[in-house]
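Listed next: structures, encoded as structure tokens.
Presented sequentially are two complexes of subunit A, the first with subunit B as partner and the second with subunit C.
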Partner chain A sequence: MMREEKKPLMTGTAAPRLDAWAKVTGRERYAADLYSDRFFWSGAKRAGIPHGKLLEVHTEDAKRLKGVVAVLTSADVAGSNRVGIIRGDQPVLADKKICYAGDPVALVIAEDKDILQEALDLVTFDHEPLPGVFDVEEALRKDAPLIHEDNPWGNLLRLVSVETGKGASAFDECDVIVEGLFETPFQEHAYLETEAGWAYLEEDGGLVVVATTQTPFRDRNEMALALGIDAEKIRIVVPYLGGAFGGKDGITVQCLLGLAALHTGGVPVKMWLGREESFLASVKRLSAKMHYRLGVKRGGAFHTLECKAYFDTGAYAGLGETVMTLGLEHAGSAYRIPNVTIEGSCVYTNNSVGGPFRGFGVTQVTAAMEQVVDMAAQRLSIDPLAIRRINAVEKGDKNCIGVTLTHSTGIKKCLAALSEHPLWMEREGWKMKAGQFKKRGVGIACMAHAMGYPAAVPDFANAKIELTMEGRFRIYVGIVDMGQGNASAYAQIAGTILNQDQGAFELVQPDTGRTLPSGSSSASRTTYVYGNALIIAAEDLKKRILDKALSFFKTARSQDIVLGPGGIGHREGKKKISLKKVAELFGETERTCKAYFRVPAATEMMDRIYLGPHIIFSYGAHLAYVEIDTLTGCIEVTGYLAVTDAGSVINPQAYEQQVHGGIAQGIGFALSEEYKVTEGRTDTKSLATYIIPTAMDVPDMVSIAADGVEETGPFGMKGIGEISISGPVPAVANAVADACGIRVPRNPITAEKILQALGKQNKQERPR
Partner chain B sequence: MLLLPKFDYLEPENMRSALELMASLKSNAKIIAGGTDIIVNMKKGIISPKHLVSLVKVKELFGLEQRKKGIVIGSHVIVSELAESNLLWKNYSLIAKAASVLGSPLVRNRATIGGNIVTARPAADLPPALMAVGAKVELKSKKGRREVALDEFFLGPGKTVIRPDEILTKIILNELPPFSGGDYIKLGHRKALEIAIVAVASRVTLDKPQGIIKNVRIMLSAVAPQVIHAVSAEKILMNEKPTDKLIERAATLAMQDCRPISDIRGGAEYRKEIVKVLTKRTLANAVKEVNRKKVKSER
Partner chain C sequence: MKISFILNGKKKTIDVESGMRVIDLLREHLHLIGAKEGCGSGECGACTILVDGESRLSCLMLAAQIEGKRITTIEGLSKDRRLHPVQEAFVENGAVQCGFCTPGMVMTAVDLLSRNRHPSRDEIREGISGNLCRCTGYQKIVDAIEAAAKDMKEGDAE
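Up next is the complex of A and B:
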């Protein structure tokens, strides 16, 4: 059947997601939705103490409980019992030490959830308490207790320093110097879907793990090493994720589930963390403490920047040092600064475990940098927009670590669009209309965000697309869709090339047994890297289909025939052939096309920064309207504008959703979100005390895509996933300063902190 | 995963058998209404009643009716019904307002007025508003019924005068004297789904429009183990004209009337400051409401 009435997909136009219907009707099956007639539950006994020597784990009582299948400890782990992609310093089950309260000391497998809970309560352990380390600067003291005794630098995981131009000595040449100490707290991802999975052994000994993860191929290798299994025997299947934001970039339940499945005699085993356990055990955005000093010339040109930062990676390395490094690479935001000194220390503590979170270190430094920019503008009596336009980078400029920007660089376009927007033009009038006891302010912030991995980590994808025997197209999605919609973008890209409607596509979600290795769902890379690979594969398949169809039309000129929704037609004749018929002409292997793509990477200045620099960046300029109640300190973000340069837009709807989501999450971080840990124990144990914004706390958000094309991107796009989260903290902080002349240097900017700052301000202003 | 402990679920057909049931089960039973509190506490293992008694079939508990002198609200009326009740907005706007800021739409569609009272949470939204208008509750048991003013109902966090065999059946709101007005303001970290850092409910009754205060109640919430009166603030307002200056003084006294603690939601000093601001604002709005009502009735 021809489906000519179907509208072919086209990049640049809005298209509903392929998963939309299944998700809104509740039919989509996530990793937590798997059950079978017979299966076991598994769960971890968490340490609950921040630091100690683990002496002995007592499992006898739990083992005696009826319905308990197994109680496992580190002694049952055959492999290295370590995970962590860079350092491998985190145990699957604690063996020698406990380094944070979420460390698992035992794994229980039981016939049902009730028995599991009862058994977990029966597991006890002996330990020798050790003094804890809870502050980054204290952790670096000589007498600080050591968390990883074998680390040659004590509690310092990594020191990264960058110097360009004359470094700090150039402060002598500056007319104005502004400085500040800024802090950002731990942030919890609070994804809707907590960590979950399902695992079983196949008859041939293969281990299948269905899990919610951003990194199936990497997980397979990590699991193999940690559990002592051949990687080839492990298959990881990843359904759609119910959110991740970086929190599932790596091992969460995978190793525990795999270990459990080795002890159930083939019975499938399930694990599903509750919210409190998810909060306790999962990684957090690294908290940061940042000393910033910016030197400026009289006309407003930035001349010198000094940034000294401490990032808290918590108990284990994870990706902490790469998070900090990416932050440091963006320490100067989107500006040209000839003389720079950057030093960052990534530090172990007994707090939570730090890890990736949308923004990946850039959100932290941007919060600081964009505030000192405003402070400089104020000192020089230059408009905050004007000072940004003076200093914004252009293609060909060097960024703050001295790397020349050779790709699309649209920050100036973003600022131009912002300057013409009514929210900017009409701000003064709006501010004047503040009611009694209200003050209004408007703040702006710029941001940049690198796309893909650093130069030393090859960033590639392998696309695979198949013409099915039914005449449809099946895309083997190599990169996890954690909710951002990249899988649907792949259909849109292939649909545009193959001139097919949405109904023609089937998506196979990542599966190490069926899809091809394409890296993680992270680093704002998913559509760029896999999309580029898919373009090659889809073009190849299109050519094959047309070539194969030539014989049917008895012509040798492929330009005479046209591939359209469901089939192929002749330019002149009415004769048509369905794709199903074409598929029958193919041999089994011919119907599938594969292609490899590697992201262009820096080839110079590889030693400038740890793992090498990035060369492709997205940019953004944000504006926030805030209103403050001067008697209660209550703050409301009443309006928001985001102008983004992420190249061309593939799906305007999905693009806007990414921007809106980033802003909402950023406003949460700016106003209320803080994962609080006191002496290694969590104060914000659940969503009752960890305050994420509701729809009522987020204003109408205007998203504008700055006109621009990234030449190397699929249909001209570049990364849109992370850029927008780095704007709200500084834009809101700058708006608060604009409204009432105070700075709250540590987010969240709560009503209480605002009122305290206003109180101090009143005391200072009172004549003596 | 948080799991529910095992329990028996009972659904008596009418009030009589419900009272029989409570008399026989005593402390082993808990009434489940909306379940927004009890289910959470059971999952957390804080309480584990052997029996949960649902009064879903006892129709008399679900009415919100105007009586000759006031309004009677069944204990199982859900919060969203209070928030949408014209009768309440007209006569006791502060209660409707308190209901409208409780939890989220989902919580409001399940939680009941009775549940919000008997759980005796220090930051519950409805009790301060109800106490500001002098609400009473009816408690029934097999042995009989009694009416208790909410002022005397709460004993501390989670503690009330209700006996294990008693059921809270209705909330009685006596008609307010003419020229009465009120307001409820809650301050939290976000606009919905939030527990108060501080909440204040105020109600004033004037002798005539623009007149002097004949009666006033200022209830402070989340600043003590239970809702408290701002005693000295109430005192200086009596028989005075509610000028801005007097309200300001009363607000300052209200701040001194409370001894809040610092916790994860807010510091003690901040809470005191907010008590002052909210006292001032609720009083001013309450007075405004009296005068606005007057204007309306003249039209």
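Up next is the complex of A and C:
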């Protein structure tokens, strides 16, 4: 059903993505869509208790059930039984301890789903309950129960501190100091596709795992260690994901599936988490408590910032400490601040496991920083846009951790575009038109987001593109497409270089057996890093094609011939040779070009922050229109503008998709989303209680791409995947404050909280 | 038990367990994997199909309930390898990202347009409010349904 259109792809032009046809017809096969004539179902018995010593797991009753293939415990795991990319502290199957309610204690394999469920209910375990710890500050007390006894710093996973200039002593030089305690709760990714996979052993002993993951190559090594299998024997295949947003960055079902496949005698085994289990067992955006203090000079220049933050990584380290660190690196948002003191503690608790979520720590700190900026503006009677323009960083400035910005830095352009937009210009008129019992407010926020890994972690990709024997092009996509459309962007990049239409491309999705290691689908890096590598590979392939094709023409100069859709022609003559004909001239290996690209990284100030600083950042300036019903407290976001500097735009349609999606998730976080855990037990177990926005909760949004080129980016682009999620919480919070003078320092800003605050306000205003 | 129904225009008679959910019947027995299960409890809409032309959640229906009914799944929407106008509009307008909500969303949109040929944007938003999407922020989905309404001729509805 591919359309027959021979228009060459061009970067900078909107184009429907390649995967849209298969997805809109229901033919795309996701990891959950694999079935065969004979296969088994597998599932994990989850602990359901937050903290305890695991004494014994009873599997006998389950094993006796007809249709049960195997019931496995930690004793059946041949390797280290540990995963976790930095600390390796999380068990595949719990052995000594249970550290949170989602810990798996046994793995059941059964002939069908019903038997699986029955068997899971028959598995029991003995444990000695341990007191739990559920709050970051309590976890750091000397007498707090320890979650990982071998961690030398108790429940503190990592302390990160940064000081620049005169640090906090510079508060003495400030004219105005504003401060506040801000909190952001756990956020659940709520991708529509819950974690799923399919695994089997091949006749030669190789283990094939098809799974929902953002990190196939990293997973392979983790699985090898945890399960005690040679990494060379593991092949991980990743179809298009049904959303991930960071929640599939790392091991979820992969080890359990791999372990199951070792016990089925070659029969494929399937795992597909139900929504409740997905909520229970998946990582969450780390909740954060942030004490902010901002010192400002009379004219509005930021002079001193103090940020003391606590991030809850839950039961296991995962990537928690890197999430916090990226947050701290952005603690000062997009501003010049000469004196800062930043300190963050990433803390173990018996809550859900923290992990990556679009925004990666930056969303948390931006929520706090952008609110104290508004508080400072109010104190100084400066317009919130004006104070941001005074302090916004420019190329050559130092960011809040003292690293000089040497790449494209477009926040001022974002603010300029915002200031000229009707939504900003006409805001006062709109506010005046509020109906009875309604209050209207407008809020803005700036944001920055680093692209790629921190300096100490090599950030590279290996592109591979092949001219097929049919005369088409096959791109071996090294980085998972979780829905953001990076795979299509690769076709657009290669299509531009090779002057080919969309129909000329086939995309091989990540497969450790076929595609090349290119890192994770995360960190707003996918198009930048793989795109850069692909440009080199595609240019190489183009040169090879033209060189080979020369033999068909009466010229010796490759500049006389042109590569176009489907074939090669002479600039002046009418002769055209098909790509299929040219492909036949190639040797098997010559038809494929590979290239490596490594992202430029900081070389100085490596010890400024854990794993070193970033040097390439995207920027954004957001504006929210908010209307509050003073009788019910109900709050509605009625308009939204996002101006983004993510360099040049490869595909305007896909760019907007990223901006819209980020804003919607941000609005959800601002108004309704809170993954609630009480004493380690989940209160929000389903999409009925964990409320993500519906089509009625998100307004029509305006997305503007600020002018700008990132010189090191493929066709001038830089990361667009994450930046927009960090705007809505502070923009909406600032709009609420603008509407009715209420500051709600902990999102979600629910009707209940607004109504309470309005009630308090009325009491204070009432004469005694 | 034996049940008979029309599946994407073809008559089907099959033997199924009485308690089987329609989504399992479609996915596991009839190999129609287009309808997705995102929650299993009627909150997300990813499993939406048409039953006698009206949108229904296949995770909340038992096989016995489709006896004698006309079932349309996403696989049956495009005819002669031509996309349905709603599908075409989803592709052109960038309404598809991860695509996991897409089949259900498309079926809901088809149902909506069969009842209201020219819905306003607000009516579209209300019409699809039972289908969750976590990627798009819904705007391009609304754009697509609006565009499809313009392009569709009478009789295109299903």
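In this text, the second predicted complex is superposed on the first by the 762 of 768 C-alpha atoms of A that agree within 3 Å, B and C clash if a C-alpha of one lies under 4 Å from a C-alpha of the other, contacts with A are read in each partner's own complex, and residues count from 1 in each chain.
By definition in this document, contacts are C-beta pairs under 8 Å (C-beta built on N, C-alpha and C of every residue); 3 or more make two chains touch, one makes a residue touch a chain.
Remember, predicted model here, so these are calculated numbers, not experimental data.
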When both partners are placed on the shared chain, which of subunit B and subunit C touches more of subunit A: C
Which of subunit B and subunit C A:Ala688 touches, first, second, both or neither: both
Which superposed partner A:Gly274 touches (first subunit B, second subunit C, both, neither): both
Touched partner set for A:Val24, first subunit B, second subunit C, both or neither: second
Partner chain(s) touched by A:Ser672 [first = subunit B, second = subunit C, both, neither]: first
Which superposed partner A:Met696 touches (first subunit B, second subunit C, both, neither): both
First (subunit B), second (subunit C), both or neither touched by A:Thr750: first
Partner chain(s) touched by A:Ile663 [first = subunit B, second = subunit C, both, neither]: second
Subunit B versus subunit C as contact partner of A:Phe245, first or second or both or neither: second
Which superposed partner A:Ala190 touches (first subunit B, second subunit C, both, neither): second
Overlap of the subunit B and subunit C footprints on subunit A, listed as residue numbers: 272, 274, 688, 693-696
Sites on subunit A touched by subunit B in the complex: 43, 113-114, 117, 272-274, 276, 631-634, 671-672, 676, 683-684, 688-689, 691, 693-697, 750-752, 755-756
For the subunit B and subunit A complex, residues of the former touching the latter: 1-3, 104, 187, 189-195, 264-267, 270, 273-274, 277-278
Subunit C-facing residues of subunit A, complex: 1, 14, 16-17, 19-30, 32-33, 35, 189-194, 240-245, 272, 274-275, 482-485, 653-654, 656-657, 660-665, 686-688, 692-696, 698, 700-701
Residues on subunit C engaged by subunit A in the complex (per definition of touch): 27-28, 31-41, 43-44, 46, 73-75, 77-78, 81-83, 87, 90-92, 94, 96-103, 106, 121, 124-126, 128-142
